[in-house]
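Just so it is clear, A, B, C and D label the chains in written order, and each chain counts residues from 1 on its own.
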Amino acid sequence: MADDRCTITGDPIDPCELIAAADGTDGAALLFVGIVRDHNEGREVGHLDYQAYPEMAETVLRNIVAEARSRWETGAVSVIHRIGRLEIGEVSVAIAVSSPHRGDAYSASRYVIEELKKRVPIWKREGYLDGESEWLRGSTPQPIGEGS
Amino acid sequence: MQIKALFFATYRDIAGADELEVQLPTGASVDDLVASLRSRGEGWQALPEKPAVAVNLTYSKLATALSEGDEVAFIPPVSGG
Amino acid sequence: MADDRCTITGDPIDPCELIAAADGTDGAALLFVGIVRDHNEGREVGHLDYQAYPEMAETVLRNIVAEARSRWETGAVSVIHRIGRLEIGEVSVAIAVSSPHRGDAYSASRYVIEELKKRVPIWKREGYLDGESEWLRGSTPQPIGEGS
Amino acid sequence: MQIKALFFATYRDIAGADELEVQLPTGASVDDLVASLRSRGEGWQALPEKPAVAVNLTYSKLATALSEGDEVAFIPPVSGG
């Protein structure tokens, strides 16, 4: 089993650090990077505030990575999600997957980001340029799938 | 028994706190905890009758029976990524 | 039209350099990295030699990127492929795609690597640990799709 | 007319050179170029009768008519990535 890493952090994310984990065993590495956008649903965004339930977020991330591993052949999988205040252009999330097979790397990477958005207890409040701010309406997690 | 209730994002705004210690009768379920909180007053009606919850870091059904010291997190719709 | 880049190079590739091109307009960036593996089809590989028809390879890469753009919404797309002698663990190819929509980033990235392998005039000779070397049997490109 | 033929990977091994200048009658096609090369001797039989080719950087059919100065690249199965 490769050296997985699932982290919630208040520090800036360096996505390059994640890709460096790839080695000569796997032929493909895929890095997904989520970046704070300057707009959403027609409103101009000035910054974001992310809040998490950190202990649970890391646990759910580890579950998601384990599920991805059981479906596809992967080497190391690393997921980092930032919390706190983020400015436009900053990295909110980075997911690195290496694999002997590029198809598996794409599938596993996509699975992790989709499930992360559905299930990981993290919340985003958009701060708009007009001074207002609002928690985003997101996905309601279901008990099924978390083993209860 | 004493239960620790955690609140995040919009639910934190409703609760006016990150966490609350709640006294419940032995054998109470998450449903009972929700009812107990919603009965606290006007503002608490904004907490859904059937919110998503995690008991001790795991998403759980509302029928889940609670034990002394359990940590119940109220999870509004998530929006990470 | 974003600032695309399609390059064949004899120099080592720094994949991080590519991901830095993403900005606050696009919410997702995807970086695919191909890495020289220490084995292939049961044989232990010591190094690879890549040869290209460079002018044509860059032209075909630009066609592929244009096709990806016409199918999916993407920001900047960068593709770098290395030629010459590569050791185990070195990066042979890197593809960076940014997009407002992560689904488009995954689809466009996958399209570029699959078409690259089918059509770009680059050849790989494996040097085995037993001292032998062999040009890999690859894909035969078809005139259709290149506009002739 | 004079045509420049380029060879890569396994085809370079067959040709024994990166490129050759080939004289062909006006109006000759890629097919004629292939036939002309294959008639050069024993070793040239290893060049397929219907190889993939690019004329002036574009993958082209074997029936393509050539013009003075055209660059015809013989493209063995590719294996980039």
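Note that contacts are C-beta pairs under 8 Å (C-beta built on N, C-alpha and C of every residue); 3 or more make two chains touch, one makes a residue touch a chain.
The structure presented is a predicted model; accordingly, all values stated were derived computationally and were not measured.
If each chain is reduced to the centroid of its CA atoms, chain C and chain D end up 26 Å from each other.
Averaged C-alpha coordinates put the centre of chain A at 50 Å from the centre of chain D. Annotation for chain A: residues touching 2 or more other chains are 34, 113.
In chain B, no residue touches two or more other chains. If you draw each protein chain as a dot and join the dots that touch, you get a simple line with two loose ends.
Across the assembly, chains come into contact as A-B, A-C, C-D.
Chain A contributes residues 15-16, 19, 22-38, 88-89, 98, 100, 102, 105-106, 109-110, 113 to its touches with chain C in the complex. The part of chain D that touches chain C in the complex is made up of residues 6, 8-10, 52, 54-55, 57-61, 64, 73, 75-81.
If you check the complex, the residues on chain C that touch chain D are 34, 50-53, 55-57, 59, 81, 92-93, 113, 116-125, 135-143, 145-148.
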